[in-house]
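Two complexes are shown next, each including chain A; its partner changes from chain B in the first to chain C in the second.
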Partner chain A sequence: MTAALETNGLGKRYGRRWALQDCNLSIPEGRVVGLVGPNGAGKTTLLHLAVGMLAPTVGTISVLGNRPADGPAQLARVGFVAQETPVYPRLTVAQHLRMAGWLNPNWDAELAESRIGRLDLDPGQRAGSLSGGQRAQLVLTLAIAKRPELLILDEPVASLDPLARREFLQDLMEVVAVQGVSVVLSSHLVSDLERVCDFLVVLTASHVQLAGEASDLLASHHHLSGPRLVGTLPSGIEVIEQTHTDKQSVLLVRSEGSLPFLDPMWSVKPVTMDDLVLAYMRQARGVELPARSPLEVLR
Partner chain B sequence: MIRFAWLQARTQTAIAFAGLALVAIIVALTGPHLVHLYDANVATCAAHGDCSTATDAFLRNDKTLGVWLGILVIAIPGLIGLFWGAPLIARELESGTYRLAWTQSVTRTRWLVIKVAVVGVAAMVVAGLLSLMVTWWASPIDTASANRFSMPLFDERGIVVIGYAAFAVALGVAVGLLIRRTVPAMATTLAAFVVVRVATIFWIRRRYIAPLHRVSALDPQTIGLRTGNLGFSLLPPTPNIPNAWIYSTHFADKSGQPLAHSVVARLCPHLGGALGGPPPSGSVTKAPRHLDSVLHDCVAKVAFRYHTVTTYQPASHYWTFQWIELGVFLGAALILSAFCIWWIRRGLA
Partner chain C sequence: MIEFQLDSGSGVATYLQLVQQVHQALQLGLLEPGDQLPTAQQVVAKLAINPNTVLKAYRDLEREGLVRARPGLGTFVVASLPRTDPAAQSRFLASMTSWLHKARAAGLGPDDIEAIYRTAFRNCFAEGVA
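Up next, the complex of A and B:
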């Protein structure tokens, strides 16, 4: 089976600054991939590389087995919803649909029109006067009715209010269920993604910190709390994050396979995706922060 | 893609054609009258004998309108580059809509080529029609004034305007692609376009074809006097060659050696004295009447070895020049477009 997205030593440099470095990913088809990271981490760069809008500085990237944007056929296989969902302000909703019909060989006009009808968008309205949520819906419609095999969405809900956010993602999930497309969507908020994605990529400071099936990641990470840690933990346990008080230690650890036998004084709890992502983001910063860190504000 | 490019360009094109229609009405209302006046007065002037009066009188008709139409023809290519060329890609890059366009099933090279081609062709059609109308309207005036090669006139007539328009669009697109901001791209496009046009007029155009030289004997009736720091010198007449482009006129001997100041002083020692002291330096005068005989003698002596050499492009070169200039600007437009394609393919940084 070809990978939806595969990168090898991928890097992109702007001038002297690396926006993305040493990126090695292999994402199978049929997944809903959440790409999480703070603003400026390189999410957009990675997604732009995947749709072929940018060319890599080093390394390779293949999407559905081909070089991104390598000709019209490859372009037709990938749908893209860009950040801030740009539209042509002076063209109407209907004109956008017509444009997409002209430009895409697999265009599903029926699907597009029924979606526009269902979303209560006025076909005669100029796209420039749509609300943020409506605009996002229009662009998503354009991307979906193109009938792609892979749908890439760059911060699609960032500018939406909580209600529109929920509706947008719900709608997206329905499409995924019906059409069976692979999806990559990015966000700086884990909470947006944890309900919808089954594959997680954490990107911080232009490096991939963590990538894997969401269920595997949740199964292999644990919260440990117990008396102040002295000495070392059994082998096979990697400490991702630790906080210590005089009497107590709280750890977030990773173990391949099941957790080895531990002293019963440790209490083991499962982690949430939120915990996981924040722990890896903090780790990337190279500092151990107290439990209430500025990063919490992101939530 | 052509339909999409047209969808985006059709409003501006419609506005341009509305403007053209307006010009067409003005030209259609006033043009036939000009033709009639020309036929009635200038065409038959040889029979009456006094052609210069008839021509001068005729050229006073619709002078303001002629000037404005000329300005319009000069300005249209620049305005097209400014309002059509520069924003064509810059606005997409600035507003982010290129991210929508480039992820449809059309390569960005094709997207660029079709967009530029649609707007470029529209620009050439608009400029060509405008030039055609104005060239037709002004043909009696141009025939009467017999100065088709002159600086504003050559640029306002014929096929060169099409080349200017195509070049302006390509220039605007290239600048927009590099600057990626609409308003700065518009300003830069206009400035660059003016620079190129001025450079063409003053330095490039005269090199298209080697000029001709016309050698004629010195004629005391048409020779003037020039006074400078070194005293007197003879001033060559401006020859009257209809519709020609005269580069220069000077005196030279058989070997091409120009007439030196010292030679004049040696051959015509009485010239300064006869004038009664030097007039203010640098002034250019027609020889005063009382100097006629002195000047006559002087010219006769000088003419023994020297003659007048006029360097010029004859009227017959006019259309060759038009075609060459059209080719130069279309070629420049193609080179700029090729650069744009290369630039967009290598991926915007």
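Up next, the complex of A and C:
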């Protein structure tokens, strides 16, 4: 099976600054991928590399088995919604659909029109006067109705209110259910991703810190709390994050397979996606920041 | 037809919440053989969750022999879950209560007892966790 997205040693440099480095990912088709990280971590750079708006400085990237944007056929297979959900403000909703019909070989006019109707968008309204939520829905409609195999969405819900956000995600998941499209979705709202994503990529300081099937990642990480840790934990347990007081230790650990037997004094709790993302982001900050220049720290 | 709800603060995996809700509906008689479960499309359109999560829950239920997917038609309940035997329930309640009294008499507090219970529970059910 071809991967939806595969990168090998991928890196992108702007001048002297690396926006993305040593990126090795292999994401199977049919997943909804959550790409998480702080602002400036390299999320948008990675997505722009995937749609071919940027070329790699080093390494390779392939999307659905091909080079990004390698000709009209490849362009038709990937739908992309940029962060600002750009529209042509003076064109109406209907004109957007007509233009998209001319530009996209697999355009599904029926799907587009039925979505616009269901979303209660007025076809005669100019796109410039739509609300943020309506605009996001219009742009998603354009991306979906071109019938892509992979949808790439850069912070699609960041500017939406909670209700519009939920409706957008409901809609997106319905599309995944019906069309079986793969999705890569960047966001820093982990609570949204937790619901919709089955594959997680944590990107911090231009490096991939964690990547894998969400269910595997959640099952292999645990919260431990107990008496102040002296000595070492059983082998097979990797400590991702730890805090200690004189009496107590609180750890977030990774353990492939089931957790080895621990003293009953230790309490073991499952982690949430939020815990996981934050722990890896903090871990990266602890390791990465001292080595970086002051300018980069400011970002 | 039943409708699923999600408790996002519960810490229970989403697919497991769906499985548990079907179990519950079966035990309460809300679902009976022949009844249809909502389609993945219906579930995700309401809950905004990943369709694979729904399919995973339905696969688990199918493996348990409780439901069957009929291609093109949907997923249907094919078995009912027996209600838990009330006699067994009261027997285990009695033995648990006497155990609790003994633990208390030995000087254990509520938190100690809960920690022991949790550990034992986890050890007992650990094998089922993916």
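The rule we apply is simple: the second predicted complex is superposed on the first by the 286 of 299 C-alpha atoms of A that agree within 3 Å, B and C clash if a C-alpha of one lies under 4 Å from a C-alpha of the other, contacts with A are read in each partner's own complex, and residues count from 1 in each chain.
In this section, a residue touches a chain if its C-beta (ideal position, glycine included) is under 8 Å from a C-beta of that chain, and two chains touch if they have at least 3 such contacts.
The structure presented is a predicted model; accordingly, all values stated were derived computationally and were not measured.
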{"item": "Chain B versus chain C as contact partner of A:166, first or second or both or neither", "value": "second"}
{"item": "Contacts of A:55 with chain B and chain C, given as first, second, both or neither", "value": "first"}
{"item": "First, second, both or neither for A:194, with chain B first and chain C second", "value": "second"}
{"item": "Chain B versus chain C as contact partner of A:126, first or second or both or neither", "value": "neither"}
{"item": "Contacts of A:71 with chain B and chain C, given as first, second, both or neither", "value": "first"}
{"item": "Chain B versus chain C as contact partner of A:147, first or second or both or neither", "value": "neither"}
{"item": "Contacts of A:176 with chain B and chain C, given as first, second, both or neither", "value": "second"}
{"item": "Which superposed partner A:104 touches (first chain B, second chain C, both, neither)", "value": "first"}
{"item": "Chain B residues within the chain A interface of the complex", "value": "1, 3-4, 7-8, 95-97, 99-100, 102-108, 110, 346-349"}
{"item": "Touching residues on chain C, where the partner in the complex is chain A", "value": "6, 8, 11, 13-14, 39-41, 44-54, 115-116, 118-119, 122, 126, 129-130"}
{"item": "List of chain A residues in touch with chain B within their complex", "value": "14, 51-55, 69, 71-73, 75-76, 78-80, 82-84, 86-89, 91, 95, 98-100, 102-106, 139, 142-143, 146"}
{"item": "Of all residues in chain A, those that touch chain C in their complex", "value": "30-32, 166, 169-174, 176-178, 191, 194-198, 215, 218-219, 258, 264, 267-270, 272"}
